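Take a look at these structures.
Two complexes come next, and they have one chain in common, chain A, joined by chain B in the first and chain C in the second.
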Partner chain A sequence: MFAYCTDPASLDGLAWLSCYLTTGKHMNFYWSFGTVLLLLAITAPTALLFGYAGASAARSTLAPLRWFGQIYMAIVRSVPDIVFFLFFVIALDQGIEYLRHVTLCPDWDQPVRQGNDFVVCTAAKMPLGNAPQWMHEIYGAGLAVLTFALVFGAFAANVLFGAMRAVPRAQLETAEAYGMTRRQVTRRVLVPQMWVYALPGLSNLWMVLIKATPLLFLLGVEDIVYWARELGGTKSPRFTDYPHGDWRVYYFGFLLLFYLAFTKVSEVVLSRLMARLTLGQATAGGEAQRKAA
Partner chain B sequence: MKSLILAAGAFALSGTMAFAAAHAETVRLGTEGAYPPYNFLNDAGEVDGFERALGDELCARAELTCEWVTNDWDSIIPNLVSGNYDVIIAGMSITDERDEVIDFSDPYTQPDPSAFVAMAEGDLSSGVIAAQSGTIQASYVATEMPGATLLEFATPEETVAAMRNGEADAVIADKAFLEPVVAEGDVMFVGEDILIGGGIGLGIRESDGELKAKFDTAIQSMKDDGTLNALIVEWLPGSATF
Partner chain C sequence: MSCAQTIADYAFRSLGYGERLLPRSDFTLCQQFTLIGSGMIWNVYFGVLALLAGFALATVLALGKASSRAVLRKPAEWFVFLFRGSPLFIQFFFAYFLFQSLSSGYPMLSGLTSAWAGALVVLFFNTSAYSAEIFYGALQSIPKGDTEAADAYGLSGWSRFRRVIWPTMLRLAWPAYTNEAIFLFHATTLVFVSGFPAIQQRGDALYYASYFADKTFNPFVPYPILAGYFIVLTLIVITLFNAINRRLNRHLPSDARRRVKYRPQLVR
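And then the complex of A and B:
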C-alpha cells in the first residue's frame, strides 16, 4: 500500500502497523463489513415483505391461502436455522439448476442423480462454470439473502399477524360503519395502526438478524467473523511478511465493539421510530405522550 | 431476406459454440485456505502454498483454465458433490471412507506421517488430543486411542491454539503442517510419528471420469520430469518425494 512497506521486517511501531493494516487481506476484511451491511440492508426489507405477505395470507378469507400462510409460519419457525441454511440453500440451488437443465438440455440422456453426485449439463450450471468469480459470489449472496428473508420473514409474519389482531376492533368497526370496504379498512386503518404493536417484535428480529451474519459463511459469503478468525490466527514467518502470534482476541474485540455500536445505533433509531408511531395512538404510550404534551 | 436471417442465426449459433468450446474447460478448484504449507491465504488475500503452485501447474499441463475458490473444510465434500466447484485440492488424504463418496486422482504426495505436538512431554494415550474435525487424524484418535479424549475444531489453526492455551494436551495433524509451528520454538514434537492415510490426492466427482483422467495424466507427467519432487522439496521439506 505505502512505498515503505516493501520490507516490513525492518519496520516497527506505527509504520509496521500501518503496513500490516493495509495488506490485501485486511482490505478484504474491511470490504466484508460493507458486504454484511449491504446484505442486511437488502435482507431486512425483503424479510419484512415476506412477513407482510405471510401475515396477510394467514388472515385471508380464502382457506387455501390462509393454510399456506399458517404452514409457512409454522414450518420455518420450528426448523432450526442451521438445518434450514444448510438444507434449503443446496436444495434451492439444485432446484434452479434442475429447471434450467430440463429446459436447456432436453436431449440429455444421463440421470441427474448419479450416486451422490448431482450432475446437470454444462449449460444449466448456475452461474455458468466459466463465469467469473464475482458472479458466483453475487449468486451466492443472492441465495443467502433469499434464505435469510424466508427465515426471518416467517418470524416477521408472526409478529405482524399478532399486530394486526392487536389493533382495537372498535377502530375497524368504525371504519366499516363509514362504509369502507374490507380493502379500504385494511389500508387506511389497520395497516397504519398495526406498526406500533409490531415494532417491539420487529426490532427484536432486527437485533437477531444483525447477530446472525456469521451464518453467512455457511452460505459461502466471507463475512467479518470469517476474516477476523483468519487474520487473527497465528502467522508463522514462513508464510507471511507480517508474522504474529494468536491475535484473535484483538480482532474479536474489535468485532464486539462493532456489533455493540451497531446495535446501540439501531436501538436509538428504533426508539425514535417508536415515539413517532405512538403519536396519537390509543395505547398506553400514546396516552402518555398526549398527557405530556 | 430469409436466407440472411438464417445465415445470421447460423453465425450467432457458431459464435456461441466457439465461445462455449473456448471456455468450457474452466475448472473450479476448491480449497480450504487455512492449512499452511499446503494451502493458505497470503498477505494479499490470495490462495497460496504448495497446492496453489501444484494446481496452477497441473491446469497448465492439462490445458484447463482454473479458478480458485475457498470453502469451509466441513462442507468441502458436499459442495463438490453438488457441483459448486469441480476439484478439491485441500491436503485431503485418500481414504476408503471418502472414496465411497468422491473419486480421488493419483496421489501427489507420498503418505505423509502425522505427528503430535505438545508444550511438554506427557502421556498421550490418556491425554486430551486436539484435531480438526473430519480429518484422518480425528478418526485415528477416536478409533485407535481409546484412552485419549478427542477435542475437535473446525479449523487447523484452532487446534494449535487449543494446545497452546492448555485446553488440549497435544495436537495431531499432518507433520508438514506442524513443522512451521514447531519451528517457532515454544512447542515440540512428542511421541512417535504415525502413518495413516494413503497420500494426498485431488477430490473429483465420481461422475467426472474425464476430468480425473486429465489430472492423472498431468500428475504423472509432473512425477516423470521431477517438477513435482521439486515442489515437494520447496514447500514440504522433510516429506518423502517420488
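And then the complex of A and C:
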C-alpha cells in the first residue's frame, strides 16, 4: 500500500503495523464488513416483506391461507434458529435444483436420490457447472439471504400480526363507516397506524438480526468471521512477508467491539425513530411526550 | 445390525463410550435417532449447569445494576452490555482463542480450551447477562406498596431482601425467565459450530445432525429429528418452569396468577 512497504522484514513498530494492516488480504477483510452490511441491508427489507405476507396470510378470511400463515409463524419459532439456517440452505438448494430438473430434463428416468447422493441432470445444476466463480458466490449469498429472510420473516410476521391487532378497533370501524372497502381500510388506516405498535418488536428483531450475521459464516459466505480466522491464524515466514503468531484472539476481539458499537448505534437511532413515531399517538409514550412539551 | 445393538453402541458416543467409529454408509433411521439423542446429553449438560450458575450471578448483577453506588452499578452495566450487545457466536470464538493464549502462559487454565469447561463459562456469563436484565426489569417494577410494607414491619437489610424483594422479583420475572431458559437451551447448539472443537467426534446434537446431513446430503431426516428432540426438551423446560411458577404464586387466587407465555426468540 505504502511506498516503504516493499521490504516488511526491515520495518518494525508502527510502520510495520501500517503495512501489515493494508495488505491485500486485509483489504478483503475490510470489504467483508461491507458484504455483511450489504447482506443485512438486503435481508432486513426482505424479511419484513415475508413478515408482512405472513401476517396478512394469518389474518386472511380464506381458511387455508390463514392456516398457512399461522403454521409458518409457529413452526419456525419453536426450533433452534441455527438448525433452520443449516437446514434451509441445503433444502432450498436441492428444491431449486429439483424443480429445474423436473422442467428441464423430463426424459430423465433415474431417481434423484441415489443412496447418499443427490443427482440431477447437468442442465439443472444451480449455478451451471461452467458458470464463473462470482456466479457461485452470488448464488451462495442469495441462498443465505433467502434463508435469513425465511427465518426472520416468521418472527417479523408474529410482530406485525400483533401490531395489526393492537390498532384500536374503533379506528377501523370509523373507516368502515366512511364506506371504505376492506382493502382501503388496510391501506389507509391499518398499515399507517400499526408501525408504532410494531416498532418495539421490530427493533428487537433488528438487534437479533445484527447478532445473527456471524452465522452467515456457517452458510458458506466469506464474511468477517471467515477472514478473521484466516488472517489471525499463525503465519510462518515461508509463506508471507508478515509472519506472526496466533493473533485470532485480537481479530475476534475486534469483531466483538464492532458488534458492540453497531448495537449501540442501532439503539440510539431506533430510540430516535421511536420518539418520532410516537409523536401525537394515543399511546402512553405519546402522552408522555405531550406532557413533556 | 439391530436397533438395540445400535443403541448399545452409540447411546453414549457423545461422551466417548461405546463404538469409536461413527457410521460411514448405509445410515439407518435408528442410528440417526440414537446419535443425535446421544448428542443431546451435551445440550442438556450445558443448559442445566449454565442455567443454575447463571441464576445466582444474574441475581447479583441485577442488584448491582439497580444499586445507587456507581462502584457496583458500572461494572454490572458493562458486563450486561458486553454480553447482550455482541453475538454469542463471536463470544465463543473470542473466548476459545483467549483461553488458548492464556493456557500457554498458565497451564492450569488449559482445561478451559475444551468445550465442556470453556463453552460452559461463556454460556454461564451469557445467560447471566440476559437474566440479569430480566431480573433488573423485575426489580424496577416491584410494587412500591410491597417495599413500604416491609419497611413498616421493621424488615431491613438481608431479611427485607430475602422475604420481600427477592420473591417478588422472581414472581415478576418468571415468565420472561422461562423464555430465557428455553432460549439458552437453543443456544447450546452453537458450541460445536464455533471455535470449540469436538474432540474425537464427541459433539452435541447439532454436530451429529450436520454430520448426517453432510454424509447423506439429505437434510430432511436428521434436522427434523433434531427439531423433534428440541421440541421435547422445550416442553420439559416449560413444564418444570410452570411448576415453579405455580409455587411462586401459590398465595394468589388462581385467576390473578400470571401465566408463563412461550415467547421464543432466536439467535443471540
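As a working rule, the second predicted complex is superposed on the first by the 286 of 293 C-alpha atoms of A that agree within 3 Å, B and C clash if a C-alpha of one lies under 4 Å from a C-alpha of the other, contacts with A are read in each partner's own complex, and residues count from 1 in each chain.
In the analysis below, contacts are C-beta pairs under 8 Å (C-beta built on N, C-alpha and C of every residue); 3 or more make two chains touch, one makes a residue touch a chain.
Here the structure is a predicted model, which is why all the values come from computation and not from measurement.
Novice: Sharing chain A, do chain B and chain C clash or fit in the superposition?
Specialist: clash
Novice: Using the touch definition from the top, say if A:248 reaches chain B (first), chain C (second), both or neither.
Specialist: both
Novice: Looking at A:133 after the superposition, I want to know if it touches chain B, chain C, both of them or none. Which is it: first, second, both, neither?
Specialist: first
Novice: Pick one for A:208: touches chain B only (first), chain C only (second), both, or neither.
Specialist: second
Novice: After lining up the shared chain so the two structures overlap, which partner does A:259 touch, if you call chain B first and chain C second: first, second, both or neither?
Specialist: After superposition on chain A, A:259 lies in contact with chain C alone.
Novice: When the two structures are overlaid on chain A, which partner does A:10 contact: first (chain B), second (chain C), both, or neither?
Specialist: Neither partner.
Novice: Return first, second, both or neither, reflecting whether A:117 touches chain B, chain C, both chains, or no partner chain.
Specialist: both
Novice: A:151 in the overlay: touching chain B, chain C, both, or neither? Say first, second, both or neither.
Specialist: A:151 sits against chain C, while chain B stays out of touch.
Novice: Answer with first, second, both or neither: which of chain B and chain C does A:61 touch in the superposed model?
Specialist: Neither chain B nor chain C is touched by A:61.
Novice: For A:82, select first, second, both or neither according to whether it touches chain B, chain C, the two together, or no partner.
Specialist: A:82 contacts chain C only, not chain B.
Novice: Where on chain A do the contacts with chain B and the contacts with chain C coincide?
Specialist: Touching chain B and chain C on chain A: residues 86, 90, 94, 116-118, 218, 229, 246, 248.
Novice: Which stretch or stretches of chain B touch chain A in the complex?
Specialist: 20, 23-24, 26-28, 33-34, 36-37, 40-46, 48-49, 65, 67, 69-72, 75, 78-79, 81-84, 86, 101-102, 155, 157, 160-161, 164, 180-181, 183-184, 205-207
Novice: Can you tell me which positions in chain A touch chain C when the two form their complex?
Specialist: Residues 77-83, 86-87, 90-91, 94, 113, 116-118, 151, 155, 204, 208, 210-215, 218, 225, 228-229, 232, 246, 248-249, 252-253, 255-256, 259-260, 263-264 of chain A touch chain C in their complex.
Novice: Sort out for me which residues of chain A touch chain B in the complex.
Specialist: It is residues 23-25, 27-28, 86, 90, 93-94, 97, 114-120, 122-123, 125, 129-130, 133, 136, 217-218, 220, 222, 229-230, 233-234, 236, 238-242, 246, 248 of chain A that touch chain B.
Novice: Using the touch rule from the top, collect the residues of chain C that touch chain A in their complex.
Specialist: 25, 27, 81-82, 85-91, 93-94, 97-98, 100-101, 186-187, 189-190, 193, 206, 209-210, 213, 215-220, 223, 226-227, 230-231, 234, 264-268
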